[in-house]
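Beneath this line is the structure, given in structure tokens, with notes to follow.
Chain nomenclature is as follows: A, B, C, D and E, assigned in order of appearance, with residue numbering initiated at 1 for each chain independently.
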Amino acid sequence: MTQTATSERPDDGYITQDGRKIGGMLMEMRNITLRFGGVVAIKDISFNIREGEIRAIIGPNGAGKSSMLNVISGFYHPQEGDVIFRGEKRPRMKPYQVARLGIARTFQNIALFGGMSVLDNIMTGRLTHMRAGLVQQALWWGSAQREEVKNREKVEKIIDFLEIQHIRKTPVARLPYGLKKRVELARALAAEPKLLLLDEPMAGMNVEEKEDMSRFILDVNDEFGTTIALIEHDMGVVMDLSDRVVVMDYGKKIGDGTPDEIRNNQAVIDAYLGVAHD
Amino acid sequence: QDLHFPSLSYRTGPFAAGGIPFADGYSDYLTLINERDGGIGGLRIRQSECETAYNTERGVECYQSMRGDAPMVLQPLSTGITYQLIPRTIEDQIPMHTMGYGRTSAVNGEVFNWTFNYPATYWDAASVFINHVLAENSGDLSDKKIVLLYHNSAYGREPIRTLERLSETHGYTFLSIGVDSPGQEQGSQWLQIRRERPDYVIMWGWGVMNPTAIQEAANIRFPMENFYGNWWAGSEQDVRAAGEAAHGYKSLAMHRTGRDYPIYDDMQQYVIDAGLYAGTGEEVGTVLYSRGLYAAMLAVEAAKKAQEIHGVTEITPAMMRDGMEQLEITEARMAELGLPNFGPAFSVSCQNHSGSGEAMIQQWDANAQTWNLITDWIAPDRDLIMELVAEDSLAYAAENAITPACLN
Amino acid sequence: MPDQFYYALEVALNGLTAGVMYALVALGFVLIFKASGIFNFAQGVMALFAALTLVGLQDGQIPFSHLINAIFGTELHNFGWNMPTLLAIPATMLVMVAFAWAVERLILRHLINQEPIILFMATIGLAYFLEGFGDIMWGAEVKRLDVGLPQGMSGALEEFTFQTFGYGFYLDRLDIWAAGIAAALVVSLTLFSQYTKQGRALRAVADDHQAALSVGISLRAIWVLTWAIAGFVALVAGIMWGSKSGVQFSLSLIALKALPVLMLGGFTSIPGAIVGGLMIGVGEKLFDFFLQPVIGGATENWFAYMLALAFLVFRPQGLFGEKIIERV
Amino acid sequence: MLDAGRPDTTLLEVNNIEVLYNHVILALKGVSLTVPQGGITAILGGNGAGKSTTLKAISNLIHSERGEVTKGSVLYKGQNIVGKSPADLVSTGVIQVMEGRHCFEHLTVEENLLTGAYTRRDGRGATAADLELVYEYFPRLRERRKSQAGYTSGGEQQMTAIGRALMSRPEMILLDEPSMGLAPQLVEQIFEIVKRLNDEQGVTFLLAEQNTNVALRYATTGFILESGRVVMEGSAEALRENPDVKEFYLGMSDKGRKSFRDVRSYRRRKRWLA
Amino acid sequence: MLYREAGDFKSTYTADNQTFPIKFDRNAYYLTMAVAFGVVPFIINDYWAQAVVIPFLIYAIAALGLNILTGYCGQVSLGTGGFMAVGAYAAFKIMTAFPGLNIVLVIVMAGLVTAAVGVLFGLPSLRIKGFYLAVATLAAQFFLVWLFTRVPWFFNFSASGQINAPTRTLLGVPVTGATASSATVYLICLFFVVALAWLARNLTRGTLGRSWMAVRDMDIAAEIIGVNPLKAKLTAFAVSSFYIGISGALLFTVYLGAVEAGEVFGIDKSFLVLFMVIIGGLGSILGAFLGAFFLIVGPVLLKLLLVDNLGWPTDLAAHLEIMIIGALILIFLIAEPHGLAALWRTIKEKLRLWPFPY
């Protein structure tokens, strides 16, 4: 393990400044290396995510942050290194199998299903919870219909939660950027994930909207105990929300620790922050 | 008040080039009868045309649109449509004439009461061809190799059985090579032919397949005079596109062509000069135009026969059928009509809906741009064909619970 | 049995030339796909239309005479002159340019930034329209096309191979010409699209219409240009195929022979069209040659597709196609 | 180049435009803006306010999304440019960097940049020099210049899109959310570039930006859009000092910057228009 | 106001999930059903039934099927003709092997056989995408047709390679063969259409439909969210082929009665059905009907107008007909790229807002 000593905590978790209890290891990345032809996107990186934590990944453009999320969600398969999920080494899996483990995410370049309504997009997020078979669905039999209604109720809660009731039936292609981001979050939430991966959830939002978004993220973490890993370039958001931060640069890890530690880490300041960030 | 003679034509689609002159010839003859004779037995002919584009479903649509309108006789002009219409025409009591195409076993009028295919069928054609080459080789084909180049469809596969049976009798080596529709691409087929070095190639082609084949034959320097087409591969459209290369190509002919018949004097006077002709006027006298004209002539003759049998001028389709079943075309009658020796003399009966089955051989002269007949009427091996017909038609009867019987 | 070997060799050789003929049609597809992301279903009909126009001009046919005659009861057919081939070909090319212009003006302009399937559909509408239009304009009968290209067996080759191997190989002279023309086309088109500013713009348009607009690429100019070039390629294909079997409706169906070629070579690769054509040509001819005794002939139609399919399973973008970018 | 000394002449004037998408969705309900020559003008506003629509209406890219300007006019140097093709506009000197990057995926980064010079007629040398300049601005692009743009990271694509626009040597750039997805250092750097181009070459900027903080620091004037209408306009300083702007766009309360953690309720958005 | 949506609120999610959420639409639907089942069979004449209505219904089924695959799941297929042939030949083999079998059952079984074949040819879709897949499905088209013309077992060794549908009865009334009345055939087809449209509607609004659409809109994202692409694509192929098989079986058994694979199920059939789907509107059940209507009824109406009313020569009319169809396709696409169904929606949206534009 190449954790910096300062950020290492006892394995059974820790208590954050605002009094939340963080549990044991949910996911550990061990010595991950990912290459695309000659490009090394991730170079021997290790870090972990604990249960209930808000974990930020930051770094300059092209550092390999999104690639890291792609490794976690099984879209990229690293050439070297292991992904440990809940204490067990995760075998090579297809992305949809990873999703079934309870890992949901949003994407940097919005990846909504453009031809579907907002409601349908979010319902798709619940796919991993649906069981009805083909024939049942075709005939719209009792259980299929009941399942649909039950899941719809949950989705409606999320819709209320994210305040997107008014666009429920709008095709997402027509939505402005910010609302799309919100729908994407809703879709990920609908999966009721254990681990939620957010790739720049607040890009393209103004402060007011970022405040809203922050609130949502905190509430999800609070209410459902969802663990969150997020990539974000807005340092205000990162420093305020996250419990621990990983910093990447050119595929390498250059820092890992609490926001305060990162803020004062000279390597991070040089590579990314530019000025010491308050 | 009038007699309805519909025409299911195809002036569009991949086979339009063949469909247009036929439809024009058919129409012009009927127009002539109207203009010159005032119709049939004093009753004027009403023509209608429906475009099938050689497409089965459109053919069915056409059939539906005309069947309530007392059509005297249907000429579907496509093997596919014929198969569709055989059961329907039985139900609707409308006679169908498939002249030199369609279902060959309809020769058996006891099973196929409403379908006629005089004056000759595909199986006749295959047999005529073999008889012709037999004659050329003084009755011995035992060391010969014959290739059938066929359009890979129900139409093209028709003669295979006959040719196989005949090869057993005459001892020639038989090989069939299929060409996929539409047939613009026959490189490998002709390479194979070049390798096999057959003595004769007979082609069951249609549409663009024909000129392509002729061109390819010329390319591999296959002797053109040993290359034969059936009567759907023997029109000007087929040879002209191949230009010089087609010189010497031969084909079967079930009737004569050209404008040198007395009837064209009337045609000129009543139809062409009057501006009543159906097409551009350019194709008058060509092979397929003549075929349309011939088909119309046979239809009109059958109608006259029906009027004669039933003693009324206003005949129904069912009466027309009777006329067709008792149709007799003699040399004298053809001469009377201004078409001396135009087709074979034949008569139809309930047992034989196909007439005589005779055909001639014609040869293309690329310099003069004409088809020249090089033989007289050649008769097919009727015994064998009747045997094959019985086999196939009785099987059909069994399958469809038909008890073979004549209608009257 | 050395003969069998020579036969097979001959079949393969003829497969190569057949493949070139397919590639001629496929080139038109590739051009338009590369330049605008449009899968141009009308390419076959364009070849037909170009050939019809060429013959019509050569023979001095009056366009729309059938329609005019039907409406006004006139008797128009021919102008009474024959246009020399050297004049008729550029004249046809002008018609194809006008066609390209009309396509841009009336159709493509209104469909900027639409999904590929919709543009595909539009080309289907265009194919229908053009097919009817061509028939009305020039008539539906079979026409003979002769631009003076040599045809028939290449005697020299047969002679030579007979001397050398004791077996005379067959090759059609028209096919040899086709190969030469195709090679010239491929080289010039590749140079154009790979090394010119316009070429780069074409590829940009295919990726993203809107972004292309935003950097000032005039979609209109680009589209007229590519459709005109595709029209030219269609004319070449029309001439070659038309010389073989006459000009009439079925000519438009050669597009179906180009599809597997396209798929194998990759929709975006000009050299791919040639390589794909050669592979398909040889593959289908040899397959037919070896397996005809076992499963019967006429396998060419499906074999070409199956071969392409087999390759695609390993390379989903075709042999030389641009890799499909999959990222999130 | 332009004479940068007279920032008071109006370069672009948008008069009361309405934009309709798909014949039914009214996205702009009468927006008027003026952009002084040689200035940096910012359009601010929440998600869906109509910022992008306004920019696309000006550059006429709206047309390719089945939208149209149904009312009003857009005057560039006094000439109405509604309906003029985007290509012509680029030749006139107006270029837009679209929201969401829009790189040519299959082209390499360098080819992407070169397409930016498509309309230029001043020869290869000048283009090469500008390419060098862009690489200087964004060294990361130089490293990745042979990669297909589709495989580069979000930020790299954003740099490519901006660099591509610079390659056309425009008089006026419409920038739609240039800072989106860029690392903080780079955001500052982009705005420095904007400022430099503005100062040195007199390039006029109209930018839609969510990062109000930075935008108002660099801009000279600003407009705030809400639901397809302009609800506030003024000089950048004036906007910066406005208490509403401060609270909703800058995230400042009376007690200075507040933590994102401390925000408690969602429903606080104030509407300037009822 | 003619058309209103306002004031039509739902209080349960089931109600909100209705097929026709707007009362006006719902009533229009009930009325259509009542007329289709209760009135049309008694007044329809043979021409309209045989030439227009029955083919329309049969092709609507095929279009529904292809729409599931192409419109909902985004897998462009040009193998429709081949799959229809599978349905027809399966029906023929089953019919002749088990003469006593209920015809409805025969048709459903033919659909199941086609579904299996569809899955087989759907396997490459896991790797091949977009137009490449479209062209790859042509392999299925050509291969299947070749098989049915080449292997005599499929046509019971008949001499010409044609297959003929023997007469079969349902409740004592003949439904196949020439003796079947138009009304009977119409009702059979209508029954299948209504039942299949209902099933399609259920499938597409549920989980499966959403995973299809997710794969269509962005397959990678769909997979990362938890959609198993293998399952989604293959079910789409299966369901779609099931529909197409039924349509082919109906075309053969109750409509044409005699069929030869190369002629009836050629490549143009694949294109025809694809055109229907795209013109009608991808991903819309209504669109399948509108598209089938446009391409089946349109030409007939045009022909009636040009030939029967205006008396134009048939060839000129036929050429004009394809020109007009082509032009109409283009005009519709330019007016609304997402097909007739979307055009209809836009019109409704406008109607709803009328008389106050936007």
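One rule holds for everything that comes next: contacts are C-beta pairs under 8 Å (C-beta built on N, C-alpha and C of every residue); 3 or more make two chains touch, one makes a residue touch a chain.
Quick caveat, the model's predicted, so the values are computed rather than measured.
Two chain pairs are in question, A-C and C-D; the one with more C-beta pairs in contact is C-D. Chain centres here are Cα averages; for chain A and chain B they lie 75 Å apart. Here the CA centre of chain C is 32 Å from the CA centre of chain E.
Taking each chain's centre as the average of its CA atoms, chain A and chain D sit 29 Å apart. Measuring from the averaged C-alpha position of chain D to that of chain E gives a distance of 48 Å.
Residue positions of chain D touching 2 or more other chains: 25, 151.
Residues of chain B in contact with at least two other chains: 11-12, 16, 20, 152.
Residue positions 66, 135, 140, 296, 298, 301, 327-328 of chain C are each in touch with at least two other chains.
The set of touching chain pairs reads A-C, A-D, A-E, B-C, B-E, C-D, C-E, D-E, using the touch definition from the header.
Taken in their complex, chain A has these residues touching chain C: 70, 75, 107-109, 111. Chain C meets chain D in the complex at residues 112-113, 197, 200-201, 203-204, 206-221, 322, 325, 327. On the chain B side of its complex with chain C, the touching residues are 11-14, 16-17, 20, 152, 177-180, 182-185, 187-189, 191-192, 194-195, 207-208, 211-212, 215, 218-221, 237, 240-243, 245, 275, 280, 282. For chain D in complex with chain C, the residues that touch the partner chain are 59, 61, 63-65, 85-91, 95-98, 102-107, 111-112, 114-116, 118-119, 148, 150-151, 164-165, 168. The touching residues of chain C, counted against chain E in their complex, run 39, 66-67, 70, 106-107, 110-111, 114-118, 120-122, 124-133, 135-136, 140, 256, 259-260, 262-263, 267, 295-296, 298-299, 301-302, 305-306, 308-309, 312-313, 316-318, 324, 326-328.
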